[in-house]
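There are two complexes below, and they share subunit A, which is joined by subunit B in the first and by subunit C in the second.
Moving on to the complex of A and B:
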């Protein structure tokens, strides 16, 4: 019952928040000078300018302009991207696929490493591995992504030459079709192992960069909740019945310790989303983040606004899903009170 | 120690003035904070950074006419660390890395102080208003806060700075718009909690005016988590600010860490690691130090929230 009410409440607030975000985004387009600035030139007469303004409804009151704008967004009109020299909606899917592939790869890195490190440290409280993990997780919050990425680049690209930058080798890219836009998946569909290896190889450095911060957050939470769980009575009971410590950890303590960790996995997703901008610039990854960065520098408003709107909605939805999962997993608390 | 064994708390000697008590408590607090080695490390790094920032005009030769701009030594382009006159080397365009590192501390100190003071003031004001008044005002203010929290920090700041146009001043503005929200939320929760205390009722019964109750009883008792958050944000703001200027939203040639890392990027493929490594490390150390201090302060000031350690 309580879970259902909670989910319902959250679902009802979601559209309100999305409308709120869209108002902020709309306000930003009006602060940054005339929204039709890119269409204007010095040779235009006053009448021509007025005609353009009328065509884009700029002669109407601001709230009316918002309605026109929001209607356009909802019907799939996201404007013209000066950077991509194409409508935003046309370029968006390819860029999204590139970013999603990277985001999923780094999420895999972060969740595996984070939970692994956290468990390892929590089970060895106040011993050497614990201290090492602590340093990793504290430095994670303070690590400038752009610096970490450049360090990886210097070591693994410039000096060791182990990993490439960019998204794929041009020849290999041309050798297989790309129905999904996710190069690893495309390579698997084509059954081409060389292409698969190439796609994974290109993913390693950016995924490590992006995953680092999230790994730190997850490891920290996992460690502390495991330490807490290990002090519970049921752990003593499991030990008393003669269960080996390894199984006590795996079957009992770790499962319960994962519950609070779920929430920070959601939190770290926001971290990951933001990081794509920097990681994609440095590793020349042709995704949404790099498109956003280029647009920011060249004043491509349509792209900037699409990006902000898209990431915020994604962020909100992911957080909602995570909270619901948490409420579901942690039923004993909700129902116990 | 078992609760029942606890000795009764001795009453404070009546002769001790309020001011004295405060001074004594502040002393105890400082000793407590300093007794933790990681916190102390953070504090030492911060003190070194601040002295570097303040002494910048004396430990370097300020660039003329504008010392916040990188000086260019066209006779020593891309020289490695240890070169005469350039202990940390130079960039591809002859910028002295050491100069950028030192003046970058000054830029970062200015950035974080300005943004923290603006955001704390605005956030505390709005949060207190919401928490103290409650009702519909609270509801409206908190929905606005929720909307602001829906947009990921860096992306929000990036969009604002982009719309305002690339300049360091606009980075400051963008960060101020983004960072006040957390304080509003923290302060509101605190005020609602503190408001329920008996001493607040007592003050009301005596007939104190609401504003006086707020200033005398509520504000001082709610401010601690705000101080902790402000300490953490002194680091976070430089982290996000440097990221924005790395992306290219500050003026090129500004003596700032993010700008310098970006400038150094051009030499990386040629194996010139130094121009990006040193300024980036400064951002890391700066953020790390304030994180360590913030964590330490939280442990001491706010014993209810146990940090994971």
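Moving on to the complex of A and C:
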């Protein structure tokens, strides 16, 4: 099967998966209790509450509630966020942009650093650089995210003052238009280097925090699969052709070592999304994660549903991309089976 | 080590007609159980254009010996203990420019004079006056120039020796980009000395030195045309190399990936790759063991044909004695990390002198052509971990005498063009007769 047909087929299945995920999430959320609480105040009478419930169809059975909710989503109504005191659709784009900027920045850190470190260590197996990388990556995988975040915060913000927290400097933020909501991109579009530097500087600490764990996992995987590939006959065959070691590594061993690593990259993107909650809270990053945390505490079900639905879709798409890259790297993969 | 003093290889052939000679090669491995003496004092010569068979039981050190030629033994765990592999590279004949004439014995290639003595003969060149290099003691760049160009290797399992992620075109093309970039530029109509920025970029491409960003630049029109010309020049060379191996439909094979080819076709691709630069020496480490019996015969015939045409010397490693008898001019028999007998194949197979060779040949099944069952010899191969000074075959030899367990026999000439390491044939002068093995009792 051609890669194009494969992608099309996977895209066609995507909506089915999304509906499935949304049913599960909806059911789980409703089991946790009625979402009515967030709309109530102490002055309301029992009749008023009943009237509200009827208005939001909360007096119907859960499956019927789901249909109303799904209908709303399809017509662009994601509900009312009690936490943001605004419709979810109104607040969502900005928060989403903030989280995506952070997630993509950390993913870039994790992928480049992870593959780089893994290659570096694997090619120097059991020598000093390998041992150092091992310590760095094991601690990255083992350290609790919140602890590492606080550590960075104390050292680089409190003591050294090298990097700020929050998302941007208010004055600089106001100085440029924000067509995308991704501040680094907005700054580049505006051609404002000061704003760009400010946006990047604010990204450093949360992106490092988030990226470290994934870097560690990717580096470990890359290292061990490279070590394995380097023992294959084709590597010696490449040397026997007269290729310099640099090309033996780059053209031959690394390419095959990337195959299992790519799968891990797809999975670690899921962890990375989870991590945004902690990183956003600690670094005061105004993204989906922080909003989500507040919403969970206050039972803001419209927001929770939106968040979970969105992250599931994102995760599915990322893994589709990963599968396509995988198929491209590993020519033996028979697509569609 | 208390082995006998190392003498220069006792060779029956004039050194000048020898393309490579292995001298006292010792490669050990550090393992949990101790130091394994995998190759322990190996000596033999490979002559110009001949096929030398290397036979011996599994684990006796054939592959380690073969890999040493190209420094492909993994270190660690390997330990390079001692020895040298002298190699006399051959260059295109100036009289016929590689076509083949009487001056070069129709090989199209001649050796160059030794740079140290300019042809007079000195210790560097073993008094031959011909350029001689030690393959075990080479600067990296020179080693890479030799690998794949002057000395090529075919591996046992073509399924593992081809990279699953690269097309045949890419894998074969690499050989030309590595060793024939000047010819490629020439075929693509690009001035190989061009100094312009774009010219340099194309040259870097031809040497596989382009980096990520450069590759983007090479995709834009002015450079793109030249890059395409370069690629099609390489394709031409790849197709020609594949055609040499009589692979059906070389053009379509080029675009395939290894898993889309049969075992026999994969080995043909390996052969095309190995012979691409017309090497002086081809090392074939059990090239047919992983193939179907029906395909084996055709692959062997192909190697012999190409070897004949290009006068390539071949070191042919195999378990299959009947095969070695058929295709090899001379045969070297290896046992537990040492060579025990070398000589003309006909002589060795009709009249083996070393007790181990005798046992081996007896074990060849006469009716079917299956692999010789070497286990037919009583006993097992000795531990190679820090062996005592003794004949390694002593535990299994029917002629074992006291001297065999206290001294190391060395390869010494017996008769014309024959070397044997056994006290039956070469009794040490200092040992009393009653401690020597009796020379009569032939195995039969």
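Observations on the model:
Everything below uses one rule, namely that the second predicted complex is superposed on the first by the 295 of 337 C-alpha atoms of A that agree within 3 Å, B and C clash if a C-alpha of one lies under 4 Å from a C-alpha of the other, contacts with A are read in each partner's own complex, and residues count from 1 in each chain.
The definition used in the following text is that a contact is a pair of C-beta atoms (placed from the backbone, for glycine too) under 8 Å apart; a residue touches a chain by one contact, two chains touch by 3 or more.
Bear in mind that the values here come from a model prediction, so they are computed numbers and not experimental data.
In the three-chain model built by superposing on subunit A, subunit B fits alongside subunit C with no clash. When the two structures are aligned on the shared chain, A:192 is found in touch with neither subunit B nor subunit C. Of the two partners subunit B and subunit C, more subunit A residues are in touch with B.
In the superposed model, A:241 lies in contact with subunit C only, and not with subunit B. With both structures placed on the common chain, the touch criterion links A:263 to neither subunit B nor subunit C.
Of the two partner chains, subunit C is the only one touched by A:232; subunit B is not.
Seen from the CA centre of subunit A, subunit B and subunit C lie at an angle of 80° in the overlaid model, rounded to the nearest 10.
Closest CA pair between subunit B and subunit C after superposition: 9 Å apart.
Comparing the two complexes, no residue of subunit A contacts subunit B in one case and subunit C in the other.
Of all residues in subunit A, those touching subunit B in their complex are 13, 16-18, 20-21, 23-25, 28-29, 31-32, 134, 138-139, 141-147, 150-151, 153-154, 158-159, 220-221, 223-224, 227, 270, 273-274, 277-278, 281-282, 292-293, 295-297, 299, 301, 304-305, 307-308, 311-312, 315-316. The touching residues of subunit B, counted against subunit A in their complex, run 38, 143-144, 146-148, 150-156, 158-166, 235, 239, 242-243, 246-249, 258, 261-262, 264-265, 268-269, 271, 273, 276-277, 280-281, 283-284, 287-288, 291-292, 295, 308-309. Contact residues on subunit C toward subunit A in their complex (touch as defined above): 67, 70, 72, 144-149, 152-153, 155, 157, 160-166, 174-175, 178-179, 208, 257, 259, 270, 273.
Chain contact summary for the complex, subunit A toward subunit C: residues 232-234, 236-244, 247, 251-252, 255-256, 259, 329-332.
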